[in-house]
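Have a look at the structure below before the remarks.
In order of appearance the chains are A, B, C and D, and numbering begins at 1 in each one.
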Amino acid sequence: MTYKIAILGASGYTGAELVRLISTHPSFEIVALSGDRKAGLPMSSVYPHLRHLDLPALCKIEDIDFANVDLAFCALPHATSQAVISKLPTTLKIVDLSADFRLRDPEAYAKWYGQPHTAIEMQSEAVYGLTEFYREDIKSARLVAGTGCNAATGQFILRPLIAAGVIDLDEIILDLKVGVSGAGRSLKEPFLFGELHDNAFGYAVGGKHRHLGEFDQEFSKIAGRPVEIQFTPHLIPATHGILATAYVKGDADAVYQTLVDQYADEPFIQVLPMGEVPALKHVRASNYCHIGVAADRRTGRAIVIAVLDNLAKGSSGQAIQNANLMLGLDETSGLTLAPVYP
Amino acid sequence: MTYKIAILGASGYTGAELVRLISTHPSFEIVALSGDRKAGLPMSSVYPHLRHLDLPALCKIEDIDFANVDLAFCALPHATSQAVISKLPTTLKIVDLSADFRLRDPEAYAKWYGQPHTAIEMQSEAVYGLTEFYREDIKSARLVAGTGCNAATGQFILRPLIAAGVIDLDEIILDLKVGVSGAGRSLKEPFLFGELHDNAFGYAVGGKHRHLGEFDQEFSKIAGRPVEIQFTPHLIPATHGILATAYVKGDADAVYQTLVDQYADEPFIQVLPMGEVPALKHVRASNYCHIGVAADRRTGRAIVIAVLDNLAKGSSGQAIQNANLMLGLDETSGLTLAPVYP
Amino acid sequence: MTYKIAILGASGYTGAELVRLISTHPSFEIVALSGDRKAGLPMSSVYPHLRHLDLPALCKIEDIDFANVDLAFCALPHATSQAVISKLPTTLKIVDLSADFRLRDPEAYAKWYGQPHTAIEMQSEAVYGLTEFYREDIKSARLVAGTGCNAATGQFILRPLIAAGVIDLDEIILDLKVGVSGAGRSLKEPFLFGELHDNAFGYAVGGKHRHLGEFDQEFSKIAGRPVEIQFTPHLIPATHGILATAYVKGDADAVYQTLVDQYADEPFIQVLPMGEVPALKHVRASNYCHIGVAADRRTGRAIVIAVLDNLAKGSSGQAIQNANLMLGLDETSGLTLAPVYP
Amino acid sequence: MTYKIAILGASGYTGAELVRLISTHPSFEIVALSGDRKAGLPMSSVYPHLRHLDLPALCKIEDIDFANVDLAFCALPHATSQAVISKLPTTLKIVDLSADFRLRDPEAYAKWYGQPHTAIEMQSEAVYGLTEFYREDIKSARLVAGTGCNAATGQFILRPLIAAGVIDLDEIILDLKVGVSGAGRSLKEPFLFGELHDNAFGYAVGGKHRHLGEFDQEFSKIAGRPVEIQFTPHLIPATHGILATAYVKGDADAVYQTLVDQYADEPFIQVLPMGEVPALKHVRASNYCHIGVAADRRTGRAIVIAVLDNLAKGSSGQAIQNANLMLGLDETSGLTLAPVYP
């Protein structure tokens, strides 16, 4: 059986990545692509790398016949996303890639995103889309909220460790090295080639990054008490990928064994042999996540490093993984492409 | 039906790319991977991005049971390749990715590769592997010689134009911009990150590049008289990809129409609308080739620009395309992955 | 003696490069920096790499007291530049880095820049700023028009060859590989890191680049008859630098000797030994230009490759070289910094 | 007065950087350049970017007449360095850029460098070359041991904080993002462009990096008790530069004020306004170091980020700064070149 798919906000990088991944999906057919400012254009004029595909032209959302759609991926900016989704048919299955339905507490949303939520009634319905930890809820969900890409990476490391009680909850430090595509195709000076090439810098330094809202919510829920981590992302001169280095206090062997046990049966999460650490490019353009653990026995800390591709496992790949579950398909359908290297 | 595949020389970039592409091929199963200096190691220790695949360990060629192999890809260095292939079972189907069987004239081989060919008897058997132009011969071939990656790019532009007689044969200039993976994983100073990053330079300048042997052979054959083009490759700070700019004397509209007609039914060659030119990254990690034509009416020249991924369409993708034909499969099997962007 | 310098349009890359170079100049003191939209800000808020320097804050042009200025560098966009310069005191020495005074023929200006020139009376006064060829005129000039960066690179190769009559004037092809800083700090999608990284593409293909106006003007003047070259620039993933590959018909030894003779006494132009070719990064951040020649004896062509840094020798370094001459200083003052490598 | 300078090991990146910096130094003249495997070659054949300079050819160390040398920079690999230096005239002033004389404790040397020190008697004579903290000792030293580039960056952040007692000594975490030139021009697979481009990975993870020997020695000395920090470097796809992110427990305002006070009069260390953080490229190719502080009031931590250029301030620039002091010159001579940007 083939499911009919719409992608709202197809002109951004996550939209293009959804198209790329779906083009090899055995059960998905793209029937609509929206792109408000580009409506009427063929997708190939926005993304010439998709020229070989037979795709519908970009259209306005209001021109989509949702009666003919089984599932919509919503790759719109936050705030826009809630406005659009609240008007879609209430029977439509939706995977939202924006930040709008990640935080269950409206006050937390208002705090981190600087404006009140306008579709609060839908927040309770939304399931947090970290597939490996919300799998059963996602299967029966109508609306799934894709996680932040940084938030996903950090949680793959820290959720099992917090749940198992093998690390000090007050001494968690997460230092990220992030490729620029996480910022989308937006025209901002720091993202110019001339500026970022051969450069690197921290941003949202000092506990200001919005994905902290997700970390706070999820880690506190797991721990049963408030957990606030130190999280600092750094932009590096790479297009794709997130490399997260977590510094945690605890026995490195226990940390390692907890991760091995957690992910033993997961198709996309690979825990490397003890002492080996992953490289950003080893998961490029794929839905895989590699995690490595090393011990610093001098300081009683463990270093845990995880890598994933922000556009794939960090957003569009995760979204398809969730859509597969929502539609009763094999969770890995269309997602087993090997990483591209070099 | 599933065909059993061996990859000889799997520890190089083209070997790894073969594995990546075959991992989504519906009819291929990898049964042997050779890597002489790495024999005994798992493929994931050489290429951790392939960690999720269930692959045979690297072995020595002499340890492969070729009775159990339907087709071998040979991704060894030139000279080594002919020595190895001449000892393989004469019934084994082989796609060679080296330079060893590209030149039909042993003297041309000796001239361009600096040593005599040691398996001359096999050269007559080998079919030149430029699929779009040798398709019928390849279907019945036992040994196919993959083309040089630069040679493929230039021929996609120039073969139809020479055949159609729409350009001046003595005024062909081909300027290439080439990513570094064409040089493989070899440890040479100019390929260090510190050296190549933010750099660019011509190499084999002055008509010295070995792929000229292929250009001479093929273009002269098509034209029915000697054709010698001016060909200069430049290394640019990119990992993948070849962008070829051809300067030809002739009517730009005739040039354009010739290419459109030639490739109208080709699944992997896309001719862009007149006046549009392609970008290197629009075919990244895919088997597609984009070609664009622009007119310089001041000088009576046409500029034709083609891009392909040297590791995919330029070698490993081409090799699989040929293997598909040799095994009676759909030519596009396993090769329709969309390019990765950005 | 110290000369008082103003930089108009200091917030762009060429403005910042002027500041960098002048910071080591023994006889220049910066007394004013204009930046219209950034007026009031310290230069370090726009360019933190200049934080250690004691510089005037950015101001509006109308707030500069030109009575206190010996020479102004004008690094404004074209069209703005002519409007501003036509209102400056007629005794002020000016080096303009824009395109506004490069073309002596107002019709050529209107053709290439799409609008009529509004300060035609000043065009006759302006001296074309290719120092090595207009040195004497520049010494006595009040207004010097800096050349296009691509135009400078191509002329360093081709002027001597055209003048000496050693090449076929109707068969000149110039293929450029250009770093992105030539486009300035402008917010355009193709210049985003995500777009340009690992990418390359031709632009203004088909004889459309504005610097052709300069080539036409200068080469036709030298040859005494119209000369129209084929010129195609390509953007490559580098920040700085232009690598120009010229394909010319003529005896390679004569070509080589002509260049050697021309540049024997030039402080900034280095002709490499016959057969050696230069690399983009060998002149990074310096005022040097390297030129190499190779012969393709098969086709009767010579390949000449030149490299320079578009922000230094291609614009801001050239501008200072000209200012030195206009002020009676040693031409090389402040310009002998070695290139930065790697 | 002009001092005669020899550079031993001039064929590496730090050697080339010494030549670049010295080329603008008002009081230094290079009289000898050694390069064992390249002896007899001109420096321009190893580093064409230095082609415009009038330099002695590379020679063997034994061919240098040290009677004619005022000061030698020794840019040899560790172990080689001690063997060479122990045979040089005992009156020669030496700045060593290797690791050989950084650690005062021979056992610490043997532990971190895996072999016994063979010139132990010289270790007591050597002064640790972190100029800003050993200035007076350096002035009268004969042998100065340049610091590790990572070690310098971390110490610029942490020394003042440890000395002032404003941070918890047992909770210091230092995460580095490092450009590849720190590894020199060595031919190793991870440093290939194809491997590192668009990549990033931790190395020496788990408290194994040799520069920990320096951190241990210096921090424990300052604190008067053992201090062991958690230090993890990551290679990022940049040529130059180190960005160090320190996570420290303590009041952010006290941390900030301590750094401001410490560096108020330093010519090369710039503390940014509170809350601003530096970027790697803002100090490219210069002797400057930028430091920024941000508070994470949720976790009671301060984040301190420092950037410097590993080849300049991290090694060759520091070496010249020290040589200036040893020769009684202005400490900043030849070192005030502005950073190169973009």
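Keep this in mind: a contact is a pair of C-beta atoms (placed from the backbone, for glycine too) under 8 Å apart; a residue touches a chain by one contact, two chains touch by 3 or more.
A quick map from chain label to UniProt name: A, B, C, D = N-acetyl-gamma-glutamyl-phosphate reductase.
The structure displayed is predicted, hence computed values, not measured ones.
**Q** If you average the CA coordinates per chain, which chain's centre is most distant from that of chain B?
**A** Taking each chain's C-alpha mean as its centre, the farthest from chain B is D.
**Q** Would you say C-D or A-C is joined by more C-beta pairs in contact?
**A** Contact tally favours C-D.
**Q** Go ahead and note the Å separation of the Cα centroids belonging to chain A and chain C.
**A** 45
**Q** How far is the middle of chain C from the middle of chain D, if each middle is the mean of its Cα atoms, in Å?
**A** Once rounded, the distance between the two centres reads 36 Å.
**Q** Show the residues in chain D shared as contacts by 2 or more other chains, in ascending order.
**A** 13, 181, 194-195, 197-198, 237-240, 278-279, 281, 284, 342
**Q** For the complex, give me every residue of chain C touching chain D.
**A** Going by the criterion above, the answer is residues 13, 16, 19-20, 23-24, 47-53, 181, 197-198, 239-240, 267-268, 270, 272, 278-279, 281-286, 288, 290, 336-342.
**Q** Which chain B residues qualify as touching chain D in the complex?
**A** 13, 180-181, 185, 187-189, 191-198, 237-239
**Q** Give the list of chain C residues in touch with chain B in this complex.
**A** Touching chain B from chain C are residues 170-171, 173, 175, 177, 179, 194-195, 197-203, 205-207, 228-230, 232, 234, 236-241, 243, 245, 247, 275, 277-281, 284, 292, 294-299, 301, 303, 305, 342.
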